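In what follows, a structure is listed as structure tokens, so that the remarks can point back to it.
Naming follows writing order (A, B, C and D), and every chain is counted from residue 1.
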Amino acid sequence: MRLVMKFGGVSIGGKQGISRAIEIMNDFSKKGDQVVVVVSALPGVTDELVDISEKAAEGNLSTIDDFVPRLRELHTLTARNCIRAPDLLSRVTDEIDQTAKELEGILHSVARLMELTPRSRDFILSFGERMSAPLISGAADDSGLKTKWLTGCEAGITTDENFGEAKPLLDLTKRSVKSKLEPMIAAGILPIIAGYCACSPHGTTTTLGRGGSDYTATLLGTAIDADEVIIWKEVEGLMTADPRIEPKARVLDKISYAEASEMAYFGAKAIHPKALEPVIEKQIPVRIRSSYNLAAKGSLIAGEGVVRSKGVVKAVTCIEKVGMISVAGAEISGLAGIASKVFKVLNDGGINVLMISQSSSETAISFVTPRDKLRRASNVLELNILGADYVKNIIAEDDVCVIAAVGAGMRGTPGVAARVFGAVAKKGVNVRMIAQGSSELNISFVVPEKDGPTAVRALHEEFELAKFADAIN
Amino acid sequence: MRLVMKFGGVSIGGKQGISRAIEIMNDFSKKGDQVVVVVSALPGVTDELVDISEKAAEGNLSTIDDFVPRLRELHTLTARNCIRAPDLLSRVTDEIDQTAKELEGILHSVARLMELTPRSRDFILSFGERMSAPLISGAADDSGLKTKWLTGCEAGITTDENFGEAKPLLDLTKRSVKSKLEPMIAAGILPIIAGYCACSPHGTTTTLGRGGSDYTATLLGTAIDADEVIIWKEVEGLMTADPRIEPKARVLDKISYAEASEMAYFGAKAIHPKALEPVIEKQIPVRIRSSYNLAAKGSLIAGEGVVRSKGVVKAVTCIEKVGMISVAGAEISGLAGIASKVFKVLNDGGINVLMISQSSSETAISFVTPRDKLRRASNVLELNILGADYVKNIIAEDDVCVIAAVGAGMRGTPGVAARVFGAVAKKGVNVRMIAQGSSELNISFVVPEKDGPTAVRALHEEFELAKFADAIN
Amino acid sequence: MRLVMKFGGVSIGGKQGISRAIEIMNDFSKKGDQVVVVVSALPGVTDELVDISEKAAEGNLSTIDDFVPRLRELHTLTARNCIRAPDLLSRVTDEIDQTAKELEGILHSVARLMELTPRSRDFILSFGERMSAPLISGAADDSGLKTKWLTGCEAGITTDENFGEAKPLLDLTKRSVKSKLEPMIAAGILPIIAGYCACSPHGTTTTLGRGGSDYTATLLGTAIDADEVIIWKEVEGLMTADPRIEPKARVLDKISYAEASEMAYFGAKAIHPKALEPVIEKQIPVRIRSSYNLAAKGSLIAGEGVVRSKGVVKAVTCIEKVGMISVAGAEISGLAGIASKVFKVLNDGGINVLMISQSSSETAISFVTPRDKLRRASNVLELNILGADYVKNIIAEDDVCVIAAVGAGMRGTPGVAARVFGAVAKKGVNVRMIAQGSSELNISFVVPEKDGPTAVRALHEEFELAKFADAIN
Amino acid sequence: MRLVMKFGGVSIGGKQGISRAIEIMNDFSKKGDQVVVVVSALPGVTDELVDISEKAAEGNLSTIDDFVPRLRELHTLTARNCIRAPDLLSRVTDEIDQTAKELEGILHSVARLMELTPRSRDFILSFGERMSAPLISGAADDSGLKTKWLTGCEAGITTDENFGEAKPLLDLTKRSVKSKLEPMIAAGILPIIAGYCACSPHGTTTTLGRGGSDYTATLLGTAIDADEVIIWKEVEGLMTADPRIEPKARVLDKISYAEASEMAYFGAKAIHPKALEPVIEKQIPVRIRSSYNLAAKGSLIAGEGVVRSKGVVKAVTCIEKVGMISVAGAEISGLAGIASKVFKVLNDGGINVLMISQSSSETAISFVTPRDKLRRASNVLELNILGADYVKNIIAEDDVCVIAAVGAGMRGTPGVAARVFGAVAKKGVNVRMIAQGSSELNISFVVPEKDGPTAVRALHEEFELAKFADAIN
């Protein structure tokens, strides 16, 4: 089997995490599998890089001089914990020192110029992976594996220059990755790729945005025709609900690409829809597994033919820290004019929209936005829309949350909405706003924030998600 | 009591309709009420004027020469049936002849120039009311009333020059109407106003668009501080459902302005939200009554304080001849960008949007559009959006209908959605798309077209709308 | 020889004018030439049609009822004067009556709708030619010729629907004209075409704008591969100067297309540059001749190879009723930013610009505009540009005129500017603004209005334009 | 007297230049004048900084490491040559070292980030003055003066953040400069200000663009109500012509602000129009003098009342390395549409326009652009304009130059143009394009490049500019 596996976050946290990751690489390699590994930054590092890049732009040199040694220390100590062979260790610590020095130079440069361009920001953010990858490569070599680490750029991932959210140039990337990795694989070398970062055709470093390391893994998987992409996480897979809210939540055995795409707001366990795109065409399965429980098979994300199941609703989540806005007024012409203006204003204002609903009366359009954008959304709308045309008022509410239930089985099955709202109603929860699109994979509704957990539990129970997730309904 | 009453459609159809209308005017006048009457065109006339104006623009003279005498004949015959006094009859037929001649001139003008401008169109459409108003005024005088008919322009209704959907200049209109009608009322004259049409400050004829005659009535009501505006219809009032679908449907006693506004798609019985705007400020009640059953009180539309009721869902309808479109793709940035583009494209394409839904996954946005615009909507979206950004596909379906349930009682009442979808589910109807905005006055959902009537009946039964509409739930 | 000849204005004024026109047709026909005739409206008629169309839009019916009979009378009387054969006369007067009736209908239509659309305006303006063409065709037949009159549309001239200034669709027009006229010519019929008007592919009447009848002639000439296009005028040809200013002015024997194009502002004698475009490709000569002096050869407009002459400056004119504006300020970036803004503002304001000058210091840009647009130009610039950027002031002057000297011989001849300004200086005339583009066909300069005639005479003398125009310099 | 004097370029070149500058400061100070000095960078330094900033952005570290020591050496050596007192010398060399180190840091930062933002560029360009000012301040102190050097920012010059061409916030700058400099002057300290650079209200370094140091001097002059601003140059003043072309060229005694503004293209001697703006309001005279010839009074730039003279043309220049473009086609509507499009396209393309001419035929518009932009101008026009509307061709010529003659005396004097073109014609030079705006201060024309010097000499002779410039004509 040819496998691309990505280790990220806690799955490479500390000596324990890394040891497990390396154990896994060894296990698969010994089985004769061809393995390509993608690593993200050590836990917390990317956030710290975001933070320090902003501080650097304020000219804050002392913070940099405090930060870089700490970052180097973190990686060096981890290296010492994970690598025994002195020559390997010194190779890795040298590499870390050098990279830290480069980072320091970059941060000082930003501090001196007191300006953080999107290009510099991407460059800085790439250092998390550029430090974790040699570390893990060294530790793997120490365990007897023969590895070689590469940046995303070196591995051939080529993007446009839309810094912060660069878009891969797919054909170029595929050809380029193939020509880089195939010879290494053939030579028995295990490539370890720094995730998240890539480069433009001019060689400028870029980053892939949200879910970037997963995206790196699926891009590589597609390029080298992997049999499976494995995303190792600290959890055992995608779950039926957040276990902190519903202790009976269970791991999902199988889920379709489409269902997984609908789970964007299911927290750490989820995979960004964008990261699934490369594998859909070739129907390469993606598996979410826990590196802490190798016995568990995790969750398989695959085509509908493969994951066909009896389940109707497969998972339920509660999206918190959101607010709801309603724009009311008689749309004089019945055209999409007000909707067009509302969303243009929001888009220009940089405001995310999670959920939209306009019922058939055409007298009001409602939407949900992150709570920290609520006041801004309300302001830009009042400034730009109120009074014009027939818009009469704009109401914002902030004490709400969104409940979302996902499952391909809803499609064509009568009574799902009834069961959803019946379960919620039984608990006395009032439903403020509802949206279900025609794909019928997701039904979302707004409830008062305090009732969110109750609603999640009610749905979890109604759809018996605590039973073996695939066998029910 | 000071009353503005509007007679439209079948309520002035034929001798019978007009006789009833005049009887009503007499009844109220004898009771000592001050009455102002608004009339629309005789049934079917406005549609014929739309039709002939388009044919005229093609230069079709013979059709005009066929049409105008027919129209004159219709009004003259009706006059002969309704007016006995020869001098009154000849006054009215003379007026009809003259107006018909003017219309003929206008239509010939359009035919000669082979061009129908929005301005000419509005002028032509105003002739329906300009012929019905003198006829009804004559018939009323024949019955012993003392009336005077006026065009909307003569009555003081002043608008901008947005032909086809002119917007009243409210302050000017109020002052102007007051100064025109108060002296007539004081002199014991019953003013009969040609509805739907108005004029710009330059005297150019305009029309008020959808629901125009009702709008004339509520504008006049606000201007002269009426105690009530009565809309006489062929039906007894707003109903809980379409009786052709649900034979048990009943008339609603009371309904709030907001609820009535949500009923835009409830067919002939409904009143356009725009027409309610003038009366809301002064909380002037609007009553929908049947001129065929004077014993029945009809439906009262008023402020929430007045109409407070126990009902949760008050009415349910099925909007037919619609289609549903879904635009799918991973919104890369989470911003309102795709929504903004989708609705801009639709608005530019002149496409109405009845219902919108985007659930929390942000991977698809769905909306409902009139079926005859469905192909166009799909085309303009494919042309302008597909392939760009991350939009991956656009799916249109045409065998659906929208079910809408309306009622202010839904607000804050847990379990309504559950009852709605539970009732529908019990009948085995699959729900394709759902939208409920935060005003909680309207819950709309899409079902297969064939299941529409079943869904209406299920909800009608579930919410016991067949009982006295106000006394239940 | 195959000839297209156009008779316009005074050359078809009254019995005398028309007789001459017909004599000319006979002369050429007898010589064996194949002749196609284009006629414009009788003198003054188009202006009256412009006038009445505007009055009609004000609903002024009595003016129409006064105008149309007068117009019919004018044509009928002229017909009676020019046609002796009673059957021919009655055919023509019938045609005139019918056309007058149609015009009356159109004008009444506009009056009734109180709106003059660009489309209706073009239709009305076409009636001048639609009445003169049958009249002249009848008179020609009366003289023994065999003619047939056609509208521009019937002759195959097809345009876009840019009413008022419609642009011919050249390929379509050529094919269409050929197929219409060739069979007539072959059958020995002399086609008489109503100039100025044409139609869109949908058959809607359009007009060709300024110089429209000349344009009709050159379009036809190109379509049927004419050997020459003759424009008959009341004057003997293009002149070296306006004889009212310079009594010694003479007719020019030959002039190139390019020179003629530069003479747009040379008054009635000139031909619009646009009208020369169709003939340039095939190098078909255009001759301006006087129908009052058949002995005179007139002015030949042709390719440079044909008209090669010794003359440096060939003609000089004074453009009156203009004003001059100067926009001053240090252009900070040296870019075309201020020029770009100035001309955008003027263009948006519908303001013509006759002459532009910006000398190398980049601190001011000057231009000339018709005097009646001067105040408007000044206002829109102050509103939109002043204060912004580095624009410091805007000065308008209205007591100026533009002197233009034209001649291909200036190109590459040193000393022309010196002679131009030397001659003017000798008369003590101050030169306010100068522009000479790199084509070196035209040198224009601004002088105080009162000095205009002096400047014209000075140049006329300097370049000895009173001598045989071609033989000098 | 209160004087602001600016030393730039060669006037502070080497030991000799600086000694002279300091001698001048001493002379004036001893006379009791209050002196404020503005210095530009040492000769050639700004160009080198432009160059190195671009190389830095390519990541070229070795060039930086070669450049910075060279730059430091240049300043240190100069310091050693000009300063004898060891403590002063070490103070200055320390300051130079430190500034060089800072510059090195900035350049390394740019090199590391491989990106030169407009903000960083301005910062780097400010280092020329930031190194010359302390050096000259030290040398002045060494001569016995008591000076203090300040950056433009420290002196109070505040601008917007339009990097590269920052615009001073005048009121803020005046108040701020006054409060900074007045106390120093009162305390007997001679302020030495680093010219060209300033800062935004947030303290970000900006530069004033072309002619920046002169601009610094006039801004300071206005702020502290100077009696005169003296610009010390290597030449004796503004000249009647370039002496390399016309050996008889002489220095101009007096010239008006307006005339001086017209001389933007008169080479090193000229002063940018922008730099004259601050002094015009208060009519503060500006004097251009040579530090090499203190006996000579130089050229005085002042209000027209002061400089009134008999001269007609005062100076003549030849602008080389330009090209000429002509856009031809019949402007169908006569509106400014084509001009508007042409200059929009050029402006968007970043193309400077030196001279514009459109003669009265409206068939072609010609303009002059720097030769290195000629091909680009031609390309963007062909791409965006050709074929559209009635534009028929675009012709570019590159072997031309512009001759400009300047003089307020032209205004209202008949015969100047005649003399200009007569003089040129006598030499057999062909004039290709002419523009004279209505301000009549400047007449510009295009001649073949090879004839440029001949034309300059011809005009110089014609207007007897070799005589005492003020006494003639």
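As a working rule, a contact is a pair of C-beta atoms (placed from the backbone, for glycine too) under 8 Å apart; a residue touches a chain by one contact, two chains touch by 3 or more.
Since this is a predicted model, take the numbers as computed values, not measurements.
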Separation of chain B from chain C, taking each centre as the mean of its C-alpha atoms, in whole Å: 55
Chain B-chain D separation of Cα centroids, rounded to whole Å: 71
Shared interface positions of chain C, touching two or more other chains: none
Touch-based graph of the chains, sorted into line, ring, star, complete or other: ring
Complete list of chain pairs which touch one another: A-B, A-D, B-C, C-D
Complex contact set, residues of chain D against chain A: 105-106, 108-110, 112-115, 117, 119-120, 123, 204
Chain D partner contacts - residues on chain C that touch it in the complex: 165, 167, 209, 261-265, 272-274, 277, 319, 324, 326, 328, 330, 332-337, 339-340, 343-344, 346-347, 350-368, 390, 395, 397, 402, 404, 406, 412-446
